[in-house]
Structures are given as structure tokens and as C-alpha cells.
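Beneath this line is the structure, given in C-alpha cells, with notes to follow.
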Amino acid sequence: MRSLTSTVTASLIALGGIVAGTSANAATICFAFQDLETEFWVAGHKAITTTLADQGHTVLERNANEDANKQLEQIKDCIAQGVDGIIVIPQDGESAVTIVKEAQSADVPIAVFNRPPTDTSKGIVVVADNKTIAEQAVDYIVEEALAKAPADKTLNAIIIVGDLGDPNAVGRKDGFYAAIDKHKDRFNVVEVASKWDAATALANLEAAVTANPEVDLLFTSSDFLFPTIRSVFEPRGLWKKPGEDGHVMMAGLDGDKTACQLIKDGYVDATGVQDLYFEADASLKAILAAIDGGEAQPNEVVQDPGFALTQANLGTDEMKMWGCVLLAGK
Amino acid sequence: MPSAASSPSRKWASRLFLSDYFVLYLSLAYVAILAPFLPTLLNPANISNVLSNLWPLLVVATGQTFILATAGIDLSQGAVIAVTSVIGAMLIAVTGNAAVLSNAPIWGVFIGEQGGILAGSIGGIAVAIAIMMLVAILIGLLNGVSVAVFGMPAFMVTLVTMIVIGAVAIYLSLSENISNLPDAFVTLGKGDLVSVYFGAQDESKIPRKIIYSFVTYPMVIAVAVAVAAHYLLNRTVFGRQVVAVGSNKRNAEVSGIPVRRVIVAVFVISAVCAAIGSILYSARLEAGRPTLGAGTFLLDVIGATVIGGTSLFGGKAKIIWTFFGVLFFVLLSNTLNLMNLSAFQVDMVKGAVILAAALLDVLRTRLTRELT
Amino acid sequence: MGDLLAFEGLSKSWFGVPAVSDLTLAMRENSLLGVIGQNGAGKSTLMNMIGGIVEPTSGRMRWKGADYEPKSAADASEAGIAFIHQELNLFTNLTVAENLYIDGFPRKFGMIDWATINERTRHILGRLALDVEPSVNVGHLSPGERQLVEIARALHNEAELVIFDEPTTSLTPRETERLFETIATLRGEGRSIVYISHILSDVKKLSDDVAVLRDGKLVDQGPASDFSIARMIRSMIGRDLGGQFPERSNTPTTSAILSARSLSQPGVLQDVSIAVNRGEILGLFGLMGAGRSELARVIFGLDPHETGEIEIDGKPLAGGPRERIAAGLAFVTEDRRAEGLMLEAPIAENLALVSIDRFGKKPFMLVDRERVAEETEAMKDNLSIKAGNIARQPAKALSGGNQQKVVIGKWQMQSPKLFILDEPTRGVDVGAKYEIYTLIDRIAATGGGILMISSELEELLGMADRIVVMNRGEVVGEVGRDEFDRETILSMAFREVIA
Amino acid sequence: MTRSMDKISDFVFRNATYLIFAGVLIYYGIQAPSFLTPESLVNIVKQASFTGIAAVGMTFVLLTAGIDLSVGSVMFLAPLMAGYVMRDLGMPVPVAVVAAVLTGVVLGSINAILIVRLRVIPFITTLATLFLFRGFGTWLTSSQQFDFPDEIRAFGLSGVFGIPTPIIVFTAVALVAHLVLAHTEFGRQVYAFGNSPEGARKAGLKVGWIQARVYIICSACAALSGFMLIAQIGRLDAAFGEGAEFDVIAAAVLGGASLFGGIGSAFGAVIGATLIQTVKLGLVFTGVNLYLQPIIQGVIIFIAVLVDGMREKQVLAKMKRTIRPL
């Protein structure tokens, strides 16, 4: 024990007073994200890291593996490393508040990407509202479904719920119900758990469809589950284009490549889109501006309004969806 | 002693491998090797940070040490952290957010618009903490009785409690985090007692960035828990009984050790330590979180304890080992961060380190066998 | 050359300590060699070398005239040597037939050919007159039946040499009879047999030749007809019985410390009553499987009993070991390594284990380490445990005798009223044995009671004030010191055979 | 009278899993009659087949009193390798299946070497390889999803006489495993080793080789299971198979495999996996609150483990030596 103390003391003396100072035009940015398990996050991760690298900045990546506490530790590690700025995709809104506070009290500018802190007054906050976006997408399919159905018919709606430990999943679920509840008496809702796991979703959806063979409408809390849905629907004759017999009104959320293709093909009717590139760009610009301006605690809210890409607005808004940009670039 | 042990290199090896401080030496060597490549490693800010990451993990690993000492395993610690975090927060939150919580089963019962039912007083916080401990004790009892009395394997029992208690935690608040915790509680997770400034004395204004906290409330709490645990495990009658059960259960039975009671007690201790860890984690994140301690957290806990030298087969456990093990583990993840590995490689490095530590343990065991 | 198996200068030492040294011995084809010797005489090391489990340090073995260097158990079985171990080596989750064929099943299209196996097994079982189905799980068989299954395994392997290691210990007398008949059958088929046993009369009766081992050396050998029981003992021990035991230094009182009345437990004990007086060493004799250890476990609260009561100093005993230890009981179990010691833990921790409660200082029950060190050190001196630093040295580093002293010492720390000693000198060398006997005498002399269980009748004859004989879970007789007589006691132990 | 009581309790313990199974089926059947339609039952078995295939492999490991925590990562990495073979080498599905299983064999061999040669305990070994295998896959894919060529889904959704392919594969695996365990020398030696490793060594069995093979078989089964599941979906996500080890172990234990070794059967694993899936899908059928579903699952597993513990005690009591007739 004594030897540890002395080593530590010695190194403290040696390093005392040295504080890393880096010029802003080649900044070191800490990019901490919660996980990389769906296309959305992977694309966002890629956009941010490559843009920064292209501009000559150093990026320190930190993956928290969906552990808010680990993320806090990683942010602290970044601060200790003397980074110039931090971009964080937090695990959830509450931990985001703590993380922002941590960074700001160390005078390191911080931007929060995609998941808003519960208190948006601190830090650069780039937000999209999961609930509203989900509601927009579901609104579209609800209206379409009701328009086609006989007036007295009760429709069967399925929602594939994400991991209940993830607030994004809960927000999307709330958005779904916000839309459905506008016509409460017309829908019979079946909830299917997915835990953000394709295998679980497969098993549960198959059971749900067996139990309720007549499906009129489906909302998946993430686009990454569309291949799973296809596996269940196709053999049952439910995977059809609009106009074909058995077409199920379907909507998702994220706006990824697969969803874009499926909307173009007509199988899927709508998906809620978070404007990934806008969000990435906005956070980068804001954080670099703060570093350049020597601002230690920049506070700003950048709203990503998001939107729903539907069969109706496909022609005009296609290239506003990041998945379609990716798809076109391929 | 057999003659084999007498050669100088063997003696050196035995002294190194069998020392209580082996993992400390290992950590120091690790730091010494990496320091030239990672200049920030010995930066005061980084050291302060390593320390702040160390304390909560130390508390939880301390509890696990007792379990491993009896040759058991407790997979439910993470779930205990989650459920006590939610329960504590719902009782003391200053205000409740109806928008997110109004559907939760606890809404209107334990928490409302005006906050938790114990909100608004220091005494309330104390009561809430007592309730968190009580919940932990009950879960520990459930685990312990299942293992000791019904003879169920600890692995399966705590796996099931992990699933069930974890689900209960999420159910209580319907996935939502409960924020707006009182400042007095938050201080427990991040408050400073002593901070240090390194720099020229004539600076007119000290930028906050270079004030480093070293003595914090989590440190005090964790050190208190660890010291108490150290005495309990290594100095008390109970500690001797724990080790006796882990060394040779049948011998312990014949020797009049209350084996069942000891097993139940270690599961309770483990759960209580998890609950104390829950206070530290909830306070530093300023929210009651149903997903605390999920994922790979538990593997960190067991990994750190085992790297410290505590045997999975029981009978060999010291809190000081666990302290060094946790130190090594925290240093490891700190340096993995500082190394700027791509996010895609971290898992592999981590797996390799666990394996290396396990191999080291096998080597140690073999050496011990050879040298004595 | 009619030698089936021969050893030439065979030696094996562990960490420089010889277990078998320079052994030269040959056995003829189709003969029965009886091997006797005390525990630790080197019998099991010798057997392990034959079985390919242990490699000799020097010397060689020859099997049917050729060099024999088994590297594994499989090599031995391939050569045609089979073992019937004392602790039966059967897989209780498999059937009789599977146990026979586990190391090599006849196959048909890659699958096990059950029809052939069952038929052959039935045939082999028939030869042993064992009437069980080949498809019965071994877990469901009685110890005697299991032993016959082991023999069947040897037969199935067409073993030319079958080595029996203490085969009768867990058998009922009737089963023993049957075993002897089987051995005769085996010999009739031209097989050779090595028979290791402590029951000297059996050895004399069965053997053609006898070999006596002591301290790893062959000390005596010759045709069985030349051996009397007395010569066997003399050779095994190396001297006459006299002087092997210390003089008993006190006469027992007549006030009972322990009294157990009418203890019964189905399948284990039947109406057992027993009493131990202050200052008395009560010997408990019986063959293995007679219920001696079982009685000890019941008295100590480790196993249940359905009826009857146990009192200590007139107060009824209840609860488990913890309560009974508090009441003044101590139990040195027969399996020191599994139940008596924490092998990895330091000697001092082992010594302090039972009495650890009284070293706790209130209010936190912190262990008074100074007092522990003092008292354990004193105990070490008191029992002359040959160890270095008892606070560091692990128990496993001690010799068998010293380990046993540690086990006795951990109980003595608690100053018990009644000691139950189950095979206290098992695996202990002759010198340490004497010390342990002295210790036992001293405990009795200071007013303690001792219930001493042993399968070595001599040691009970030497030490006990009274001997109670058990058979099949019942007390079948009791003999006072002045009436001690080998024949009488043995005949009680073998009652069923004689009756 | 006590004897007949004994017999009843004996029967209950011996068949606890089946009794629990029957109870669950009846309960759900009453709650939602459509649950018992052939279509629904076929679906349950199909969904159970993925965990089931892996659980059959896990049974081999549990029979030796070992454990394999790395199956979830194998379920991820093996299909990924098969995917590369299909996409980049243009190989057809049968070759991909072989590639997946071979990957499983390689990964299982890594576990086996660590456990048998280096003597690292199975728990720690497979905990480390859990991270290593998944880390390797994550590194290869950079966490991106992997899209399989379309033929794989055609294979996944195919069937013979209306029986879905996964069920056929599951049945085949279970049958082969049953034959291996019950009717081959190796199988019986696995049981012998689990009953007494020391005894197996003394009986001259090649214990290292036995132990090595069970880990290889376990990984191969996990690989096949992962491949069959991916064949349903056609896409491999970064999180695929995470945490599957717990489901797989639970299924095997529920099917009667003891964690202490020596007890268990391939057929049991089939029952265990099907029971868990029945419980889960029944909860979907009856529309139980999503938040309560894991709690109910946990309680049912707890009961099964409790019964297993009691059965173990009974067996031990039975093995106790009696020295005189009862």
C-alpha cells in the first residue's frame, strides 16, 4: 500500500501544473455513444466519426454498451484526458443531465445527440421527439386503414415494442398509442415484446399472428425488425403490396435503408424519420463553434422536427430520409 | 519443504505469486508499462477519475467476495441495484413527473406530483435508505434460503432472481427513470470533501477544470464498507466461519459451523452491498434507474473479484485482494478508454484479459501446490 | 517360468519419501497371493503401479515374462488385469451391462449392440449367480450386488489376474461367503488372484502364498500354510504386540457421560444402547458396514434416528452437531481429508475452528488473534505436532499422523467431555500411532470419555477398557477388559457366519 | 402406506417437468382456446427449435458437470461466417450450413483446449470466450447488420409435407443426439464421466477427449441453431444471440439435466425448450402485460429448479448405504 501511495505522490508532483492545451482548429473530440446495435446508430456513428476525421480532428470513441453508469465513467475518462469537446449519445434523458453537468463543471463543451436530456437548458441539445415522430407515422397508417375498412369493423393492430428498459422504446410506444387512441373504439391492439432482439420478435410475432390471424395494421418500434416481420408475414400471405389482397398497413421508425427500399416497393406504408444527418451535422457545428469561440458551457437546443415518410409524400420527401440517401449512394 | 522450492528463482516466484499484494504489483507494473505511451494516465485528473470509478464497484465486489468465499456465486447483484435504485428514488424524489410516470404502478402510491412519500426531509432519506436495505435483505434471504435449505445451485437461483427482480424493477416505474432526487442524496454519490488544485499559486482565477476531487463521499462510504468487510471477513468469528464453509463444507458441518446460517448470511451481505452500491450509482446519476446493473456489469464485478485472487471454489478470499482486483479492473477499463481502441475491438481485448487473468489464477494455484 | 506377474527392485517415492522400496516378488500363474500390511505399508501404491495409475520411480514389472509398463488404467485392463477396489468404482447412473462395457461396447452399425451386451452380461452374471437384470441401474443395487458387478466387469474383460482390495469391508457375511465361492469359481477357470485384506483369517484361508509389506518393503513371504496369524501380525508390525500400546493410566469410573438408549433408524440401526463412562475408553468393534460409523454419526447429530434417546451427563441431546458440540461432544471422523480438515488453510486456523466462538471479543466478535495464536501454539506443543509456522503452513503439508493430531487438537481446544474417535489411527504410521494412543489415554485419565471405533481389533484390545461389538446395525455383544479375547470378539462380529 | 406416498412423490419428482408442462398447456388452453390449435402448436415447436437445438448441445456439456456460457456468441459468429461463405464465395445454402457448423466446431475446440489442456474452469473459460467470440464478430462487421442472400430465407421458410424445416432439423438433431447419448459408447461414457470423473479415469476412459468433444458438440449445435434462426430472418444484427446462453441453459436444466452432471437427456432438452417457449408464447396469446412476462417466466423456471434440487436430494438419500434390510 505504501508503495502505491508513494508512486502516486511522485507522479502527481511530476505532473502537477501541466494541463494539456490544444488548439481548436485541430480539436480532440470525445464521442461517447450508448451502443451500435441497429443501423440508425451505426450510420450516425459513421457520419460523426468520418466527418470529424476528415476535418482533421481527433476522435476518441467510447461505447457504453447500454450502461449509463459506464457511460458516465467514460465521459469522466474523456474529461481527464483533456478533450476539447464531447458529443454524447446518452443512454437516456436522466443520465444525460448528469453527464452534461459533469462536463460543464469541468468546463468542457458538450453536445447531446438524439436523446434529449430531461433538462434541455444545459449543453448543446440536438433532439428528435420519438413520441411525436412515431405518432405522425402511425397517424398515416391509421387514417389509411380506416379509410379502406368498412365503418363498423374493428381493426386489429399490432405493435412491436422495443426493450422496455430503453426510453426510446417507451417513447415510440407512447406515440403509437397517441395515434391509436384518436380512434380508440376502432382498434383492438396486440402488444408484442421484442427486447430489441430479432429472435424474440420473431417468436412472439409469430405467436401473436397465430392468435390473431387477421392483422390490419402493424407498427414496429424500429425499422430493423422489418426483415423479421417479413419472415412471419410472407408465408401467411400478409406481405403484400398495396392493392394486393392481404396488404397490411405497416409503419416503422428510424428511417433506415431497408425501410426506404420497402416503402419504395410498397410493402411498408410509412416510417417515422429522425433526420440523422441533420442531427449529426448540427451537433458537430455547434460543438466546434463553441470550441473555437472558447465557450466552455455552450447551451443551445437544436430541434430535429423529424417527419414521417409515407407513400403519400415519398415523391417529394424521399431524399430527406437518411436511409434513402444511403440507399441511393449504394 | 521439498527441495524444489529452494532455488532462488523459485523463491522469487513464490514470493511474488503468493503475496497478498500480487495484483497490486501487477497493477503498478501495468501502469509503469503503459505510462510512457499514455501520457494522460498519470494526470491528476485521470487519477481522480480512476478513483471515482473505483468506489462503487468496490462496494459491490466486496459483497460478491463473501459469496465466492463460500464457493457460491451471486448473479442477482445487478438486479438488486436496479430495484433498490427505483425504490429509493420513488420514495425521496422531490417532484414526480406525471408525464412519464402516471401509468406506473407506483404512481399515486409511493410517488405523486409532490414527489415521493418520504420527500422533503433528511430523515426521509434515511428511512428510504433503510427501506432499500430491507428490500436487499429480503432478496438476499430468498437467495440464501433457496441455496442453503433447498439445495438449489446458486447459479440457477441467482439467475432466476436476476431475471425476476430485474423485471420487477422495470415494472415498478414502467421503464422510466425517476429523477429530481434531493441534493442531500445526490451528495452521497458525488460530493467532495477534499479537492486539490495543481498549478501555479499566483494564478488569479483558478479554472474549475483543474481542481480535482480526491476525497469524496463515495470514497468515504466505500472505504468504510470495505474496511468493515475486511474486519468481518478476516478478523471476526463469522468471517472464519465463512471461509471454513468455503474451504470444506462437510468439515464445517462436522465442526459445528452453522453452515446454513452462514450461507444465508453471505447472500444477505452480498445483496446489502449491492444496495449500498445502488445508492452510490443512483446518486451520481441523479436518478432511480430500473436498468442499473444490467448487461455486463455483473461480469465486471465477478471478474474484478476473481482477478484479485479470490477463488471461485471458495475458501480463499480477502477484501484487500478484491480492492486490488477492482483497482486493476478500473485501471484496465480506464486504459482501454485511453488507448483509443476502436469501439469494435474493446470486447475482444476484454475477453482476452479475463482469460489471461484466469490463466494466471490457474498458474498460481499450480505454483502454490508445487511450492507447499 | 510360471511367473505371471513379477516385480524386480520396484520402488516409488513421493517427494523423496519412499512408499514402496526395492520390492522384488513374483506370483505364480493360477495362484492366489494374499497381500497384507498395515495402512501405509505400501499396498495401495503397489496396486496403483500395477494399475497404471502411478509410475514407478525405479525398478520394473514383468507380466507373463515380458516387460510391463502400464501408462494408464486402460493399459492394465488391456493386459488382462482387473481391480476390485474397496471403494467401488461403478457408475451409479448407468446400468449393470453399461458398467461392464463402459470402456468398449460391441457395436452394430456404429450403435451399441444392446442385444449382444445384455445377453453376454446375463451370461456373466449367471456365472456369478447374480440374479439381476442387465438393464437395472447400478444405483439400485445393494453393496454386495455392486461388488459382484465389479467382479463381473473383471470377468467380462477376460482378466487373467483379478486384484481384490479389501473386498469384504462392505459385505454382509452371507455376501462374503458368496464372494469366496466366486473366487473359487474364478480360480477354477484358471485365473489368478491377488487378495488384499486386513482380515487375516480370510487371507490365510484363501491364499496359496502370502506376502507381507511393511514401510514399503517386502518383509516376509511364503506359502500360506507356513503362516500363522501370529506370524502375520508379527511381520506386519515388526515386533510383538507388547509395547505397542501405552499402559492405561487410569481406571474408569462408573458414572456415565454418554448414554444412548434404544437408537433405531430403519436400514441403519436397530435398538442400539450404549454408554460411556467418565475416564473410560469404550472400544466399538465390528466389520466395516456393521454400523459403527453410522452410530457415531447419529450420536453426533449428523444423521437422523427415528427412535431412542441420547443423553450427555444426564441431559438429553438434540439438534445438530453445533448443539452437541456445545454439550461437550467431539467427533474425529474416519475421513480426515473430506471431513476433518481444511487442507488449504493454515494449521492454526484448523486448530481454532471448532472453538472459534469463544475467541470472539464482544461487541463485534472480533477474533482475539493473540489468544488464538497463544492457544494454538500451546496445543501444538501439547500434542507435539511436528510443524513449522502453524500460522502459515497449510494442513495439507503435514504427514498423516500430524494431520490426525491437528484434528484431535481442534477438538481438544474445546475441552470436550466425550470424544468419538472413528478410526483415529487410519493412515498413521506406527510411531505416530503410539503418540495418538498416549493422547487418548491422557484424555481418559483426565476424566473424559472416549468412544473409539476401529477395524483394527488389536488396537482396541490394547487401548479399550471395554469393547462393544456391532453387527448389521445391532449391538451383538460386550466384553470387559479382563475378558478380552480375540476369538470371542471376532466370533461376535462374524455372528451370522457362525450361526 | 408411506411406501405408496413415496411412490407418488417419486413419480411426481421424476416427471415434474412433464407435469408442469401439462399444467401450463391446460391453463393457457382454457384462457385462449386457439392456443391449442395445430397451427399454434406447430408454431410453438418451431420457435422452440432454435433454443432447443442449442439446448440439446448444452445437455452434453451439463452431463459432464460443465457449463458453456459462450453459446450466444457462437450463435452470432457461426452464421456470420456462413454468411461470408454465401455472399462472398457465392456458395449455396448447404455449403453455408456446413460452414456454420464447422465454425462452431472450431470455436468449441477453442473452449475445449482451454478447459482440457490448460485446466481453466469451464465457467471462466466460456465467460471469456463469450466476449472474445462476439468481439471478433463485432470487429468483422463493425457492428453493421449483415444481410444474407435471399436463398437463405427460402431455405428457412421451406418445409417438408407442411412441416417447417426448423422442426425437421430440430427433430433430426434431437434424434441423433439421443442416439449418440443413449446408444453409442461415447454417449454412455459422457454419463459415466459426469457421474464420477475420477471413476471414469480409473476405468481407463479417455476423459480429456470425452470432455473436449462435449464442448465441440455444444458449439456445433449452437452454430446450427444460430444458422437456422438467421435463415428465418435473413439478416444478422449486432445484438443477435446476446444473452441466449441463459435461455439455453435454462431449457436444458428444465428438461431434467442436472448442473452436477450425470443426469439429463436429449429428449429432456427438447421438452425443456418447448416448455419455456410454451410459457412465453402463451403469455403472448393471453395478452399478459409485457412488464409481467419475464416475472412469470422466472417463477416457472424457479419452480423447475427447486424441484430439480429436491430430486437431487432424494437421489442422494437413496444412494445412502443401508446396512440392514429396511
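Letters A, B, C and D name the chains as they come in the text, with residue numbers starting at 1 for each one.
In this section, contacts are C-beta pairs under 8 Å (C-beta built on N, C-alpha and C of every residue); 3 or more make two chains touch, one makes a residue touch a chain.
None of the values given here were measured: they were computed from a predicted structure.
The chains in contact with chain B and with chain C alike are D.
The minimal number of chain-to-chain contact steps leading from chain A to chain D is 1. Set against the C-alpha centre of chain C, every other chain centre is closer than that of A.
Contact tally for A-B versus C-D: the pair with more C-beta pairs in contact is A-B.
Mean C-alpha positions place chain B and chain D at a centre distance of 32 Å. Per-chain Cα centroids separate chain A from chain C by 70 Å.
Averaging Cα coordinates per chain places chain C and chain D 43 Å apart.
Residue positions 142-143, 291, 293 of chain D each touch two or more of the other chains. Along chain C, no residue makes contact with two or more other chains. Looking at chain B, residues 170, 174, 342-343, 346 sit in touch with two or more other chains. By the contact rule set out at the top, the touching chain pairs are A-B, A-D, B-C, B-D, C-D. Residues of chain D touching chain A in their complex: 32, 34-35, 37, 39-40, 43-44, 46-47, 50, 142-145, 153, 156-157, 229, 232-235, 237-242, 244, 277, 280-281, 284-285, 287, 290-291, 293. By the touch criterion given at the top, residues 36-39, 42, 45, 161, 164, 190-193, 196-199, 202-204, 206-208, 210-211, 224, 227-228, 230-231, 234-235 of chain A touch chain D in their complex. Residues 1, 3-4, 7-8, 11-12, 14-20, 33, 36, 45, 60-63, 65-70, 72-74, 76-82, 91-95, 97-98, 105-108, 118, 164-167, 169-170 of chain A are the ones touching chain B in the complex.
Across the interface of their complex, chain B is touched by residues 15-16, 300, 302, 320-322, 324-326, 331, 333, 338-345, 349, 352-354, 356-357, 359-360, 364-367, 369, 393-394, 396-397, 410 of chain C.
Residues of chain D touching chain B in their complex: 67, 114, 118-121, 123-125, 127-136, 138-139, 142-143, 246, 249-250, 253, 259-260, 291-295, 297-299, 301-302, 305-306, 308-310, 312-313.
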